[in-house]
Every structure is written in structure tokens, then in C-alpha cells.
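Take a look at the structures below.
Across the two complexes that follow, chain A remains constant while its partner is chain B and subsequently chain C.
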Partner chain A sequence: MLIFTLRRISLFIFTMLVLTLLSFSLSFLFPGDTVINHSGQINATASELAQLNKAYQMDKSIVNQYGAYLTHILNGDLGQSMASQSPISNEIIELLPATIELSLVALLIAMTVGIPLGFIAAIKHNKTSDHVILSLAMLGYSIPVFWLGLLAILVFSIGLGWLPSAGKISLLFEIEFITGIQFIDILLSDSPYKWQAFSNASAHIILPACVIALAPATIFIRLSRAAMIEVLATSYIRAARAKGLSFQQIIFRHAIRNALIKIIRHVGLQFANLVTIAMVTEVIFSWPGIGRWLIESIYQRDYTAIQGGLLVLSCFIFIIHILTDFIYAALNPLARGNKHGS
Partner chain B sequence: MAREKIYLEEVFPSPFMQLWGIFRKTPVAMVGFCCFIFLILLAIFAPIISPYSPVDGNLDMILLPPAWHVDGNVSYLLGTDELGRDMLSRLMYGTSLTFGLSFIVVIFSLVIGVVIGSLSALTKGIKSSFLNHFLDVILSIPSLLLAIIIVAILGPGISNTVWAIAIVFIPQFIHITRYAVKEEFRKDYVLASRLDGASNFRILYYSVFPNIVERLMSQATLAQSAAILDIATLGFLGLGAQIPLPEWGAILANGLERFYIAPWTVYLPGLAILFAVVATNLVGEGIRHALKLRKEN
Partner chain C sequence: MAVLTMSFKPTLPLLITAFVSLLAGCNEGNKLSLSERSIIYCSEGSPETFNPQLSTSGTTTDATSKQLYNSLIVYEGNNNTLGPSLAKSWHVTRDGKKITFYLRQDVHFHQTSYFTPTRFLNADDVLFSFNRIVDKNHAYHQVSGGQYPFFQSAKFAELIEKIEKINDYTIRFILKRNDSSFLANLATDYAVILSAEYGEKLLNKGTPHKIDILPIGTGPFKFKDYRVGSLIRFYRHDSYWQGPAKIEQLVFDITLSKTSRLTKLLAKECDVSSYPIAHAKIAERTDLILESITSLNVGYFGFNTKKEPFNNKLVRQAISLAINKQAIINTVYHSQAARAKSILPETSWAYDSETPELGYDPIRAKSLLAIAGYAQGFTMDLWAMPVQRAYNPNALTMAKLIQADLKKIGVKVKIVSYEWSTFLRRLSLGEHQSFLLGWNADTPEPDNFFTPMLSCSASETGNNRTFWCNKEFDQLLQEALKTTNMKQRKRYYAQAMVIINEEMPLLPIAHSKRYQARGTDVVGDILSNFGGISFYQAAKINTNNKAPTIENPDMVNKVSN
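For the complex of A and B:
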């Protein structure tokens, strides 16, 4: 396990270096002056500019420049937003939790719907219900997410009027910013209307979360179906059957556990996919998250914000990757490395 | 009775033809394949067969509903948009932008990815390990996010979108080629031709490629369905095709303001994207299914 951890950590450091190098080089690739792209101070005076040049060591070699840039990032200084002139790290701290919240709820929905459906499809392999589930999965995988979002708004918000179509919570409720994750903030607050606020926030999250969850859910269906089919074909299942266990016992005690392990491995990769879908969905549902902020900063040509957003978002995705790797290794001894006697 | 073949010659179909034989017998895959061919033909011949121009509007015919509606006009089969542009013609032209461009993009990234991937499969040691890590990093960033970043660098526009998506898809082709080539290189038949004195490139060309081409095709269909969705999403976000261009995502974004009074300007392009992606996915599923069956035999 120690070697496994060290390997992951080295991979993490390597990835962070590549990502910072990428965002560092973006400053050169974007139009405009490099140091202004680094810092985002478009209205800097000559003396301020000289100071910035010194801070980012622009007169020295490119390696020194990269070192200075890295120091700035490690100190939590991602520069200022060109559009609003406020520090990007503050904006990200306010916006990232909303995206995390939305993606986690969507991931939860995708897993609770997708995995059981996939198991059912695998158990009824090559029967009608298998075909129906697979065709539905393919259809869900092919729907463009922005179109689905619009249809959902048209049907559930405008047509039926069941759910709100935009925002995170009704403006009537004043929730203090503590963690940024809405549900936790509501529970922590001592407002008398706590439970109304809670139900209002849940009503706001259902529609965008379901729209985001559809595509990952279909992938979970396929993954869990493949995993279950593989498990059901193994000899320990045959042994369990020979022992005289009932079908339910085999499925619940042996098959599901072993199939779930295989699925957990893929959660990290699916999460990356899910965050991208969430970015587009945030635009449609006016969700105040980092995806919408990033796309708006592209419209406004706010290069410093694009850099910071890219760095934080990919860092977040990668941390989730490594976390799932660890969970997978903790649950499955076979994944931890050398298999003795095999 | 004339016998053209005097000697009984046993013909072994190539792996690719075996695959086609199985693929042909799967009805669903064939339906998808026919739709795929239809879309390619439409993308090529759209300028000839479309009834109207995709950008010139007819101001007498604004926001006409589709022909099956009571107020519809049969000469505008799928209705018109807010400038009186024929939806059918716009969707037809859109095929060559969204579907046609995604097809070209995937072919382009496939070729580059296969070249780099097979070269890198022959390297060993630190170079190979570096490339592995680098690919892991790139592949962990979602394709749409990378495409958005590249578009942010290059600036919005359809040609920049195409470049961005082409760059984004290269790593996954490198990855799969590398993996497949390495796997094939461990097999005995490669050893046999190496014992015959074949060079690495000869082995690659004559022995390995015929055996991995289907896996590449299956990856290409996955990439294409993602490419269609990415081009359309960027068009929808206003980062891809710009205003008068009839790209499906852009048409959809354009109809957004009149969503409630003219819903057909939103649901028709969405259906078109759905149709293209489903057709591509059906072909991909067919290939994967056939691969599995061929392996079992």
C-alpha cells in the first residue's frame, strides 16, 4: 500500500506540474501582454507594471518565470479577473462549491439509477428487458445535453410548472455563505425558515441534476452490465450455485459485491465527463457555478479567469481521480500491486 | 460444364472481411450503417438538393410552422425561422457542417494518432513512460473542456472549433493504437515474421495493422459521436459556428428566444443531432458486437 501511495503521489505531482505548465504557457498563447495575462491587471500604471514584471521575474529566463508563476499559484494568488478586477481565487472559492454540489448530486442520481438497471440487464442477459435497457441507454447517451435541458425546462417548468427553471435557491431566502455547499449552509444557519429553504433548494437542484445525470447513468448501466456479466461467468459463482445457494443469495451475497468493485474503478473517469456536462447545464439553468463563470469569461475574453478556472477545475477532477483510485485499492486487495503466487 | 476453378483453393477471408460478414447479419447495425451512409451523402450533396438557400430569408414567410401543422405551407416542409429561412434547407446544410466536419475531424485525428501511437509503441524506457503519464493527464481532462480552452485561445469560429476538436481527439487515438500495437507485438505471429527477418515497419504494416483496424474503427465511431456533440455544444454556446452558418447547435441556440412561440426551431435541430449521434453509435455498437462474436468463434 505504501508503494501504491507513493506512486499515486508522484503521478499527482507530475500532473500538477504539467497542468501548471499548460496554464503558464496559456499566458503566452493568449493575445495581449504576458504579464498582464498572468496577473489580470489591465489598468496597471507604469510603476505597477514594473512591480508586476519584477514579481513574475519577466526579465529573467523562462525557467525563472515559471518558478515565479508557480510560487504565485502556491500562495493562492491566481491573479485578478480582467472583467471584474476582483481576485480570482475568491471568485473560485465562492463558485466551486456550487459546482461540486451539483455534480455530486448528479453522480449520486446517476449511480443509484444506472447501476441497478445495469445489474438487471446483466441478470436478464439477452432477453427482452436487457435489450430494452440497452436501447434506452444508447438513446440517453446520444441526446445532446443542452437540448435535453431545454426540453426539461419546457416540460417541467413552463408546461407543468412543477419545478423552477433557473438558479440555486429562491431569492427570498437569505443563506449565509459558510461552506458554499448550499445544503450544508442551510442546515448550519439558524433561520426560522430553514426547512422551507431546504425544500426550495432541493426543488431547484432536481432538474439540472437529472439532466446532468442522464449521460453518466447510461454509462453506468453499460459498465455495471459488463461487470455483472463477467462476474456471473466466473467459477466462484458456479461453485456457489453448485453449493445449492438460491439465486437471490448468489446475486446479493457474491455477485453484487464483486461487480461493484469493478464499477468503482470507473467512477473517477466518469466524474470528469460529468463535470463537463455540468458546465453546459449550468449555462442553461443559470446555476451560479464555475462552469458558467468559465464560459462567461470566454465571452468576455477574461484570459486570467480562463487560466485560473482551467487550473482549478482540472485539479479538482484529478483529485477525484486519485481518490477513487485509493478507494478502489482499499476495497480491492488485488489492485494494490504485486500479486504473489499468480 | 465449365469449371473455372480447377484447383480447390481455400480462401481465408481477411479479419476485416470476417468482421463485415458478421456485421452484415446484425439488422440493427445495418440500419445504423444505412443512416450513416445517408448522412454522408446528404453532407456531400446538400447544396444540390436543398430547396432554398440556408442564409437568405423570405420575409413573407416568417415563423411558418412545419407542413403537417394547420398553418403550415407544403413548400416549406419543416417550416421557417424568424427571418423566413427554410428549416429543411438549413438542416441539410447543417449536415455538412456538424456531421461532415466531425467525420473529417475524426479521420484527421485518427491518421495522426495512429502514426504517433505506432511509433511510440516501438519506444521503450523513460520516453515511453513520460508519454504514458502525459497521455494520462490529457485523457483525464474531458474533451469538451479542452476544446473550450483551445477555442478560448484561438477565438470563436467554426474553423477554430474544428482545429480544437481535432487536437483534442488525437491523444485517445495515440493511446488506443499504442496499447493495441503493444499487445499485438507480444503475439507469436509477430515473432514468426520477426524470425523471417522482417523490420519493425514491415511488421507494423503487414502484420499488425490488419489486426487492429477494427479496434481503431470502433474507437473512431465513439470519437465521432463525441465530436458531433462537441461541435454542436460549442455552436450552441456561441463559441463555434457563428451567426448565419446553419450549424445544428447554432440553429438551436438561435431559436432559443422564440422557444415558446416557435418550438420547431428548437426541437428539429435537436432531433437532427440525436439522429446523427444514434446512427454513429449504432455503427459503433455493431462493430463492437461483431468483434466480440469473431473473438468467440
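For the complex of A and C:
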């Protein structure tokens, strides 16, 4: 397990080095002055500029410059946003939790819907319900997320008036920023309208989370279906059946557990996919998360924010990958011996 | 264990209730009372500052002036006569050079988490507010940049000889010359009264810039919270001198995209929406009302007269002649606007019906271009503003129409657009060649159209983005201000309009109405003919026939105007 951990950590460090190298080189590739792209200080005076040049060691070799850039990042200094002139790290700390919250809820929905459906399809392999579930999964996977988002707003917000279309919570509720995860903040707050706020926030998250969940859910259907079919064909299931165990005993005690382990490996992979979908969805549902912020930064040519945002987002997705790897390894001892990463 | 169960008891039923109400699809019970006591306004942009003295942008005035502050005097009634506000009365000497204001003695400033006033409004506050603008040595003059665009274009610093405090509640303005627009300017949304006590406190703390970020005023609402690009939250100012407002909380939901504003309005996420699109769709809904007011404004196509090729008058004329204004009005304004013949709307008393108009004549345009030496045409950039304003509901479409019109005379147009604050900043730096913008009148005073938009002083402070400066034109404006004879003034303005028509620093396109949409449960006037919106009179009524959960303060008797 130690070697496994070390291997993951070294992989993490090297990937992050490559990523910082990429974002470092972006400063040169974007139009404008490199040091201004690094720092985001568009209104810097001549003396401030000189100071910045010194801080980023612009007069020295490119290796030194990269070292200075890396030092800044390791100190949590991602520069400041060209558009709002506030530190990017602050903006990210405020916005990233909202994206994490939305993605986690979406992941939860995708798993609770997708995996059982996949299992059902596998158990009813090659029967009508299997075909129906598979066709639905195919349909769901083919629907573009921006179209689905707009359609959901049109039907559920404008047409039926059931669910709100924008934001995390009605602006009337004042929830103090503590963790950034809205639901936790609401529970921690001492607002007299705590529970109204909670139900209001829940109503706000349903539409965007469901829209994000659709595509991953269909993938979970297919994954769990394949995993289950594979497990059901193994000899130990046949042995269990031969021993006279009931159908339910076989499924719930043996098959599901073993199939789930195979699926967990893919959760990390799906999470990256999910965050990408979440970015588009955040724009549609005006969700104040990092995806929307990043897309706005692109629109406003806020190069410093683009660099910082990309770096943090990819770092975050990588951490999730590693975490799922750990969970997988913890659950499945066989994986720990795997010599070549995954 | 006993402790544990006790702490869990009250939360569990609440949790269940929360989920039940969630499942029911909408939030019943107490939520209604919270939303009934509050209004969410979907606004079209972020304010640049919380002090309207520093800005002339309509978004800023909407968000600040009539919510947070009061001015000495206001426009009232349908005839737009000047009426009392913080000054209960005033007196002008015969020569028009001494104006004395008698202040109300019962005006409270806001009490907030960052400031607690110890006294009522008095003459010191008025002195503080105006000296900040006119006195270059004032401790606050340079705070937040030292630019007071409205007052600089009206040349306040040169006009005002002295402001005297007679006693605690009497203040006198002594002018160097008679200026017929002075009182009108004091009644604008920009001439607000700040708290001198707050200013002093901030100065002692060494944080003077906070005066424009954490505002303190006398208005019906007090500032609570601002998140850049997202929301502004106001609470009711309970001891407001005209009686407390009818709503307790006012939230500006800053929604830049016009389709998002429409969605939020239709989905009931905001109660009132600024500059709505899809008028027909809103009109056909029974739970929404579309309102409009005729506001004095002009949307125009301006040229940077300091840059090639627009430093040539012939090119400006040629481009103006090539634009089909009627087509723009039909498309962009959905025929809901009057074609502008000059910058002054025809509804203004100073409008002269003889004013000539440069028509639509692409053939003459082409020959003018040839005379100017651009027979082959040229390439230009056109800056289209990214936000909707009453005077220009869709600048991007307008830019595309202009692009098509100009293509016919061989001029290639590149459309440029930035985020709003960047757009304004770059415009004031003069990076543009031509631009689409407009002007909303703050007063019924005709001078409000000329001086802030096209005078030489405005070209220095960045409000006149054509950078056009014409001595003869400025002279006419000065003359018009010196006299109070309406006929005489009308004649001066007519001459000024002839100069504009000849020089064409900008092409006036349309005078339009300002639209707003609201739910039927919101009552009370919000839009006004001049200047920014006000939520003081706005209230929510219960359309579900449920008993109101909180009593509305009865304030009919207290309201004085």
C-alpha cells in the first residue's frame, strides 16, 4: 500500500509540474506583456511593474522565470483577475465549492439512478427491459447538455413554474460564507429562515444537477450492466447457484458487491467528464461556480484567470482521480499490486 | 444520550417539513412572508460606484441615487416643477446669484453595521457634499479619482463662488453668474447629500475611499451587501424622514444577459425586471405587466473626431447620410421609438420644429466620401455597447444594420464590444473610432442634453466621447444659460442644433421609451420620467388572498410628496 501511495504521489507531482509548465507557457502565448499575464496587474505603475518583473525574475533565464512562477503558485499567489482586480485565489476559494457541491450532487444522482438500472438490465439480459434501458441510455447519452438544460428551464421553470432556473438559492436569503458548500453553510448559519433556505437551495440544485447527471448516469448504466453480466458469468456465482442459494441471495450478497468494485474504478474517470458538463451547465443555470467563472474569463480575455482556473480545476480533478484510486485499492487488494499505474 | 435526543428533537420535524415543502414544488408558509416583504429587481449591470456624484451611468444611478440618497430638491408632479426634499424651502435672489436653502431638521442618516450617526442632517453635510465636488483642496476631492463628470460638464467649480453655512439648517450658494439650469442640476440624481460625520470618521481611520464603497445616505434604503457582478442587497431605512418604505428588503439581482432576465421574470425569480425583451410574450401573460414611460433620451452613433478619418467633417456627414435610421427604428426599437432629428427630443419645450435633419441618401454619401478623398472606402471599427439601455435596447443588432448600410458605400465596419465597465473605460481613453451610445436626461432642462454630451468641458472629462469641441457651440450654450427668457433660450438651442447638424460629431438615431416588466403582485411607481428608478413606493400585494403575515406600515399621511 505504501508503494502504491508513493507511486500515486509521484505521479501527481509530475503531472502538476507539466500542468504548471503549460500554464506558465500560456503567459507567453497570450497576447500582451508576459509579466502582466502572470500577475494580472493591468493598471500597474512603472515602479510596480519593475517590482513585478523582479518578483517573477523576468530578467533571468527562462528556467529561473519558471522557478519564480512556481514559487508564486506554491505560495497560493495565482495573480489577480484582470477583469475584477481581486486575487484569483480568493475568487477560486469562493467559487470552487459551489462547483464541487453541484458535481457531487449530480454524481450522486447519476449513481443512484444509473447503477441500479444497469443491474436490472444485466439481470434481465437480452430481455425487453434490458433493451428498453439500453435504448434509453443511448438516447440520454446523445442529448447535448446545453439543449437539455434549456429545455429543462423551458418546461420546469417557465412552463410549469415548479423549479427555479438560476442561481444557488433565492437572493432573499442571506447565508454567510463559511465552507462555500451551500447546504453546510445553511445548516451552520443562525438565520431564522434556515429551513426555508434549505428547501429553497434544494429546489435550486435539482434542475442543474439532473441535467449534469444524465450523461454520466447513462454511462453508469452501461458500466454496471457490463460489470454485472461479467460477475454473473463467473464460476463462483454458478457455484452459489448450484449450492441452492436463492436468486436474491446471489444478487445482493455476492453479485452486487463484486460488480460495484469494478464500477468504483470508473467513478474518478466519470468525475472529470462530469465537471466538464458542469461547466456548460453552470452557464445555463447561472450557477456561481468555477466553470461559469472560467467561461466568463475566456469571454473577457482575462488571461490570468484562465491560467489560474485551468490549473486549479485540473489539479482538483486529478485529486479526485487519486482518491477514487485509493478507495478502489482499499476495497480491492488485487489492485494494489498493479505495477503500471492505471 | 438524553442531551443528544433533546438536540435532535426540534430539527427532525423541521427537516421533514423542509422536504415536504420542497416536494410540494414551491415554498409555502413563512417563505411567503419573507418574499412578500422583499422585492428582487433584475438589473442590467453592476454599478461602478455607490456614490452617484462620481458617475453618469444610468446603471449606477438606478442602483444608488433614489435608493440610498436624497437631494436638496426634486422634480415633482406631471409638470415637473421643482419641489422640496431635504430642503423644505428655498429662496433665490432677484439677480439669481444667491440661493438660500432651508433644511429639514428631522432627517436621519442610515444606521448600519459600519456607521452609527449621532446627529440629524444639517448644513455641514450639504457643505461637505458640494465642497467635495467643487473644492480641489477638500480632503475628499481626490478620493475615488477626483472625477465628478456631471458637475464638471456643468462647470460647477467655476460657477459656484462660495457655499456658506448661515446656521445649522440654512445654507447659501453664491454663484458667479446667473445660471438658469443651476436649480435643475441640484435636483438631479447626482447632487446627493452625503454624511459629513461619516466622512470625518473615515478620515480619522485613514480609509476615506470607503465612503464610496460602503455608502451612508438619508434615502429610503440602506446598504447591506454588494457582491461584484452578482447582487446588491438593501435593507429598509426605518427612520426615513418620509416614513419607512413598504418593503423591508430590496435585492438587485445583477443579470447581464437579457434572456436570463426574461427567464427569471417568467420563472418568478425576480419581481421586477429592467429593460425586458419579448414584449409581446410578457404582454400576453396575465401575471405580468409591461410598463413604459416616455423618457427624455437619445440613442446615437458617435464618431471619434480626434481620429482619422472622422476628424474630417465630410466623412462624418457621409457616414451619417448612409444610415437608414427608419430601418433601425423598425428593427431594434420595434417601431416603439421616435426617429431623432437632432439630439433634443421633440417633447422638450426647447425643441424647434424648424430643426433640419440629415436624411438618408446613400448616393450623396458616396459622392461626399469621394470629395473627402475616400472614394475607395475605408475600414473602421464600431464599438457597440454590451448592455441594454432605454435609448438603445440592442446595440449589437444596431451595429450590424449599420455595418450593412455602410457596406453599400464601400465602408467596411468591424464591430467591437467589451464588457460594460471595460467598454466605458476604453471609450473614455479614446481608443475607439466610432461608437453606439446614448444619453438619458436627468432633468427636463434642455441644457442637460447639450452640455454633458457635446461641450468642450465634457470632452475633457470623458463624457463627450466624440471629443468634439466647438467654441461657437459652447458659446451658444453659455448664452442660453445666462438668460431665463424661454424664447431666447429656445433660439440659442436651435442654433446649437444647426451646428451639430452641420458638424455631425454624432448621428442621433432615436428617442425611445423606457420599458420595465413586473409581476402583478408588485404595486407602486418605480420608473420616473427623469433619472433613476425608485423603490420607495413599491410594495407587494398578496395575490393569493392569504392574510398578510406582517402589517404594512401605514405611511400615507407621512408622505409629503
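One rule holds for everything that comes next: the second predicted complex is superposed on the first by the 337 of 342 C-alpha atoms of A that agree within 3 Å, B and C clash if a C-alpha of one lies under 4 Å from a C-alpha of the other, contacts with A are read in each partner's own complex, and residues count from 1 in each chain.
Assume a contact is a pair of C-beta atoms (placed from the backbone, for glycine too) under 8 Å apart; a residue touches a chain by one contact, two chains touch by 3 or more.
In this text the structure is predicted, and so the values were computed from the model without any measurement.
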Do chain B and chain C fit side by side on chain A in the superposed arrangement, or is it a clash?
fit
Please indicate which partner A:258 is in contact with in the superposed arrangement: first for chain B, second for chain C, both, or neither.
neither
Contacts for A:321 in the overlay, against chain B (first) and chain C (second): which applies, first, second, both or neither?
first
Just checking: does A:89 make contact with chain B only, chain C only, both, or neither of them? Give me first, second, both or neither.
neither
With both complexes overlaid on chain A, does A:30 touch chain B (first), chain C (second), both or neither?
first
Partner contacting more residues of chain A (chain B vs chain C):
B
Would you sort A:313 into first (chain B), second (chain C), both or neither based on which partner it touches?
first
Kindly classify A:157 by the partners it touches after superposition: chain B alone (first), chain C alone (second), both, or neither?
second
Name the contact category of A:53: first (chain B only), second (chain C only), both, or neither.
neither
Based on the superposed arrangement, let me know which partner A:167 touches: chain B (first), chain C (second), both, or neither?
second
Per the contact definition in the header, classify A:200: touching chain B only (first), chain C only (second), both, or neither.
second
In the superposed model, how near does chain B get to chain C, counting Cα atoms only, in Å?
5
Could you give the residue numbers on chain A that contact chain B in one complex and chain C in the other?
158, 299
Mind pulling up the chain A residues that touch chain C in the complex?
83-84, 86, 153, 157-158, 161-167, 170-174, 193, 195-196, 198-200, 202-203, 286, 288, 299-300
Under the definition above, what is the set of chain C residues touching chain A in their complex?
14-15, 17-19, 21-22, 25-27, 29-31, 34-35, 38, 40, 224-225, 228-231, 233, 249, 251, 253, 255, 260, 263-264, 266-269, 418-419, 422
Residue ranges of chain B touching chain A (in the complex, touch as defined):
133-134, 136-137, 140-145, 148-149, 151-153, 225, 229, 232-233, 236-239, 249, 252, 256, 259-260, 263, 266-267, 270, 273-274, 277-278, 281-282, 285
Spell out the residues on chain A that touch chain B in their complex, using ranges where they run on.
11, 14-15, 18-19, 26, 29-30, 138-139, 141-147, 150-151, 154, 158, 269, 272-273, 275-276, 279-280, 283, 294-295, 298-299, 303, 306, 310, 313-314, 317-318, 321
